[in-house]
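These notes open a run of structures that come right after.
Look at the two complexes coming up: chain A is in both, with chain B in one and chain C in the other.
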Partner chain A sequence: MNKALRDKKAILFFILPAALLFTLVLFGPILYAGYISLCDWNALSKPKFIGLKNFKALFTKDDVFLTSLKNSIFFMIFSLVTQQIIGLILAAILSGLRYGKNVYKNIIYLPCVLSSAALGLLFSFILKPNMGLNQLLAIFGIQGPNWLMSVNGYIPLTMWVIGVVALWIYVGTTMMLYMAGIAGIDKSLLEAAYIDGAGKTKTFWHVTLPLLKPMARTTISLTCIGSLKFFDLVYNMTQGGPNNKTQTMATWLYFEGFSYFKYGYASAISIVLLIMCLLVTFIINRCISVKDFEN
Partner chain B sequence: MKSKALSILLSVSMVAAALTGCSVSTDTGETTPSTDGAGTETGTDTTGSTENKTETTDTSTASADEEEITWVFWDDLEASTDQMTQLYAQTVERFNAEDNGYHVNVITTNLEEYDSKVNALIAAGDTPDLLICNPGPNADVYVDAGVVQPLNQYLDADPEWRDSFAGGMFDRVTYGSDIYGIPTNFAAACCFYNTEMFEAAGISEVPSDMEGFLDACAKLKEAGYTPLTCSASTAWCLSMIAGYCMNREGVDTEALNAGTAHWTDENCVKGVEDLVAISKFFQDTYLGDSNDDATAHFYNEEAAILIQGSWCIAQMNGNSATIEDKCGVFSFPSVDGSIGDMIVKTDNVLMSATTEHPEACVAFLKMLTDETAQKATAEQAGKIPVTKVEVDTSKAPKQFGYVSDLLANLTGTIGFYNESLVSVEAGDTFDNNMVSIVMGDETIEEGLQNIEDFYKENAWQ
Partner chain C sequence: MKKITIPKVIIYIVLTIIAVLYVAPLVWIVLVSFKTNAEVFSNPFGLPKVWQLGNYIFAWTKGKLGIALWNSVFVCVFTLAVSLLLGAMAAFGIARMRFKLSGATLTYFMIGMMVPVHCVLIPLFVMFSKMKITTPLFEIRFTNSLIGIIIPYITFALPMTIFILVGFFRSMPGELFEAACIDGCSIYKIFFSIALPLSKTGIFVTGMMSFVNTWNELLVSMVFISDPEKKTLPVTLTYFVGPYATNYVQMFAAIVIAVIPTIVVYSIFSNQIVEGLTAGAVKG
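Entry: the complex of A and B
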């Protein structure tokens, strides 16, 4: 092994494919998007360099972008809180089950393997005013609200509804990651806690939870980045409407690019999105310190 | 040595496999005919791309000696119950069955995503040979950017074809002296009403002015009917009514686009006030209903009036066996009872500037506008033909005759508002603010000020 590591040609040989791939499919497009974000470009003619005008317009003139920014941050916080708490609770409960663990695990994880676009369409039908949920409520004499056309409040009802659907879809992933984390904890540590007189709750709180910190950092990062990039559910359930009240940064980027031919402006949104994702990842890594308790 | 070779082979395979994911798929899929005549997708797309994967409808695969052209269309040719779409499917089948050396491959998508998909294809340099397009800002962009080509030379080369078109059909696809699109059918936005409900509500004459219209709606409501069906979820449905209201109050879109009139002017305010007054008679679920839902309320006889383009005749009659006999048509009322302008549009097919098979494209365009297709446009789908073709009105849906009568008496036409404003974004801004006003999220003044601000920022500079 050491001999192989000293062989620079071997190192280069193994790194090169990945480096090439990363450059071609990741760094290249990011750099190109960065350049395009500084241009006025409709994809049909030559890009015209305009400096930071697109970024200035985003934060000073574009109310829809500010709404989409607010909505994306809402999704991030909502998903972070709900998915982490519910995912962890489910993981803790299922890890302790003797029977039926796999059945419950598969049921909860099932929405994750289904297309979120298809689920978005499915929920848009379920939440239509003249079918699905509202018809069910009508049986009990309750007039359901306009789930997908509500605009009242700082965060409209529609946003909460989409958030809950996203929770239902993605909580399985968080649960699975935490279950993997729990399964990886050395049983002797838990047994030692039981011998010392700790109950199940105390053991979970003082032993399991601290040992799940590395996994928590991973799941929090994944949830935050995934929520900031949220697109398919919003697009399929509301298309950002009514009157752009449910736009997220990803959907607004899409409309600006593909509907309005403002690719320079859309690229500027994508760069802001990228910076936010990097910033969130940096903050999470700084805030959640991981110590190797087990060794 | 053996392991080195194996590792090289594996690395190359890995890179090749990964890079296939980066390629842009121009493959529209292939279909092979099944015994029942319906196309069966064989899925020849090996790029792994799912983003651009679209359903493909076709009656046969192109043979090696056939020139293949692609046409992007905004409905599912196989699954749609819309008779106009079925007619397009028949024309495609007819074209491909002919021994003309050409083959058309149709890329279908749903209407809501159509423009975005076409724009994405164009931006990626994969402009289809032919694309169906509404007149207005999207077509303007394609023309300005040189994505599509003028068709004058092909029309001039076949005077019989050129002269077969009815007068004024090329107006909205003509830029300077160049014609950029071939219209395939013509539709007008009208008020479709249920004659039985009108009779039961004691309305003996269709309303001709706004006051009479609102009175009729009130009578229908009193009689226990839902007077009007509309969709706010599909914003253009609502904004189409807004466009009519504004037109009736004397709003001129050309003046608005030029900056010589303002969205905050009194006539705009009055127009939106009319819209708000009308919206009080919409079905309870109009906010969440889509265009299809709203149309279904009418042909399922749950609402008395549907304000919609005449393309809905094909949809209504395709979904209900009884609505044709109960459906009447009248023009959107004017303020004073005079005959007002009618919102009209044509469905146009544009040809790519980079197509390698212009002759094949023109042959298909000619088939879309030949006598068989145009007669069927009226007789089967109830839409207005674009050519001077003799229509057997006894075969056509009854609504076709009513719409034709209205068109015979009309004084002027206007385009759909969201297709007549300066850009697609301006159209969306108008649509969205009309929805917000009607649902009470904005006052009339706030909504119009938003559009005014958009114009100041993006159009009038």
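Entry: the complex of A and C
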């Protein structure tokens, strides 16, 4: 048996195809993107090496990029806070439910499997000034604002609206994962707490919550990286407008790269995005140390 | 029978309100997609007076959603088949074969989960637009062809597939493979006729996840394909909304067409999907 498992040819046969594809389509291109980001290159000309000038221009000259950076960070923090709190509360409530648990669970999770491009379009209609939500508000005599065109303030109303739609779509994932985490907790631990006289709230706070820490790490990473990569929803709800006020890093990268064909410049944005993703993952793994309580 | 208490009633009321918040937008879009443009404004929330099937026919044919649907199906089937096979092979190699670098290999694939697609967009686009395979009979191009998006889709499906399947292969009892080995089974045969069939649940779960991601992917497909006959569903939908910007009802119909397949798949398999999607994360 051992000999068969150490067979070099078989190991290569199993792993090589995937590893090759992975290297050629993912890692090679990332390195290439790193090089392009150091070049002045629009689709027509030849790439010209200019060092870190693209990055310097990003942070000093490009107001839209700075807006997009601010917006992406806003989405990350907003999604993180709202999804963690609401997702955890929903998970705690649904887990304790006797009837209808699956029905509610499946309904709340539904948008996560639907195309966020289609949902973005759907909400761009619901939030149009003369349609959907505002028609509903008009029945009660309320004049609704122009949800997707308000650009005043440091974080414009439109950004909050997109954030809430994102919450509506993605809170299901966080909830699901926490429910799985709660289901995986050893029941005897909870019983021990009850026997020791802890109430429901106290047990949740002091037993369940600490045991959900590994799951918290997973959900926090997923939410953070997911919201940094945010593209479909913003593109289909506002296209980064009005006046580039709702650009995120992903949409601005798309416009720079494939509307203005500034390959070098867009690659620099993608490298900043990559670094942010890796940094966030690193910080999360550092800050949330997972101790194994069960052993 | 437990007593019905007031807190419980409140919980159910709150949950039902939330459920309504989730279902209402979807019901609204279905209702308005059957109306006329005038009716959208005169009678926004009632049932349509006459159910306008024409909206759907227009979106399906003129809006090219019909073609896009088949493109998406083709892309999904191809991506799933290849990524599941390659992913399962790699996962089996990592989980069961004995070699020094097995841990490092897993980490290598896992990094793929953190990397945003956006980074490889420009390099891949440049590479693919230069590449061309010419044979006497046909020519394979990588931009503006479905192959060009299937390749990145397969690659991006791999990390999750490998991650989940490694868990499945590791949890299988080693005696099983040993017995097969003693009976003279080669390692390849062990994989294809024992390990693979036994990991059916895992394959199903990862298949579902890859399906959801591939079916909904917008960015890569939007960049790589400009021929309207080859666009996938999310892209066609995104473009359809632009040019006909005032003809709302047809766009509503298009949105419904785009989400219906996933809703159908989800309602048939919802419990398995939900269990499966979490299985991967829990194992990690």
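A few comments on the model shown:
Keep in mind that, in the parts below, the second predicted complex is superposed on the first by the 274 of 295 C-alpha atoms of A that agree within 3 Å, B and C clash if a C-alpha of one lies under 4 Å from a C-alpha of the other, contacts with A are read in each partner's own complex, and residues count from 1 in each chain.
Just so we're on the same page, a residue touches a chain if its C-beta (ideal position, glycine included) is under 8 Å from a C-beta of that chain, and two chains touch if they have at least 3 such contacts.
Predicted model, so just to flag it, every value in this text is computed and none were measured.
With both structures placed on the common chain, the touch criterion links A:241 to chain B but leaves chain C unconnected.
Contacts of A:21 after superposition: both chain B and chain C are touched.
Of the two partner chains, neither chain B nor chain C is touched by A:84. Of the two partner chains, chain B and chain C are each touched by A:263.
More residues of chain A lie in contact with C than with the other chain of the pair chain B and chain C. Touch criterion met: A:146 reaches chain B, while chain C stays clear of it. Look at A:129: by the touch rule set out above, it reaches chain B but stays clear of chain C.
By the touch criterion defined above, A:254 lies against chain B and chain C together after alignment on the C-alpha atoms of chain A. Within chain A, the residues touched by chain B in the first complex and by chain C in the second are 13, 17, 21, 25, 130, 254, 257-258, 263. Those residues of chain A that touch chain B in the shared complex are 13, 17, 20-21, 24-25, 42-45, 61, 127-130, 146-149, 151-152, 239, 241-245, 254, 257-261, 263.
On chain C, the positions that touch chain A within their shared complex are 2, 11-12, 15, 18-19, 21-23, 25-26, 28-29, 40-41, 44-45, 86-87, 89-90, 92-94, 96-99, 105, 108-109, 112, 114-124, 126-127, 151-152, 154-156, 158, 162, 177-178, 181-182, 186-188, 190-191, 212, 215-216, 218-219, 223, 233-235, 237-238, 241, 248, 251-252, 255, 258-259, 262-263, 266, 270-271, 273-274, 277-279, 281-282, 284. Interface of chain A with chain C (complex): residues 1-2, 4-8, 10-11, 13-15, 17-19, 21-22, 25-26, 28-30, 32-33, 36, 90, 93-94, 97-98, 100, 102-111, 113-119, 121-123, 125-126, 130-132, 135-136, 168, 176-177, 179-181, 184, 215, 218, 222, 225, 228-229, 231-232, 235-236, 250, 253-254, 257-258, 263, 266-267, 270-271, 273-274, 277-278, 281.
The part of chain B that touches chain A in the complex is made up of residues 11, 14-15, 18-19, 21-22, 112, 115-116, 119-120, 122-123, 141, 145-147, 232-233, 235, 284-285, 287-289, 293, 423-425, 428, 432-433, 435-436, 439, 441-442, 457.
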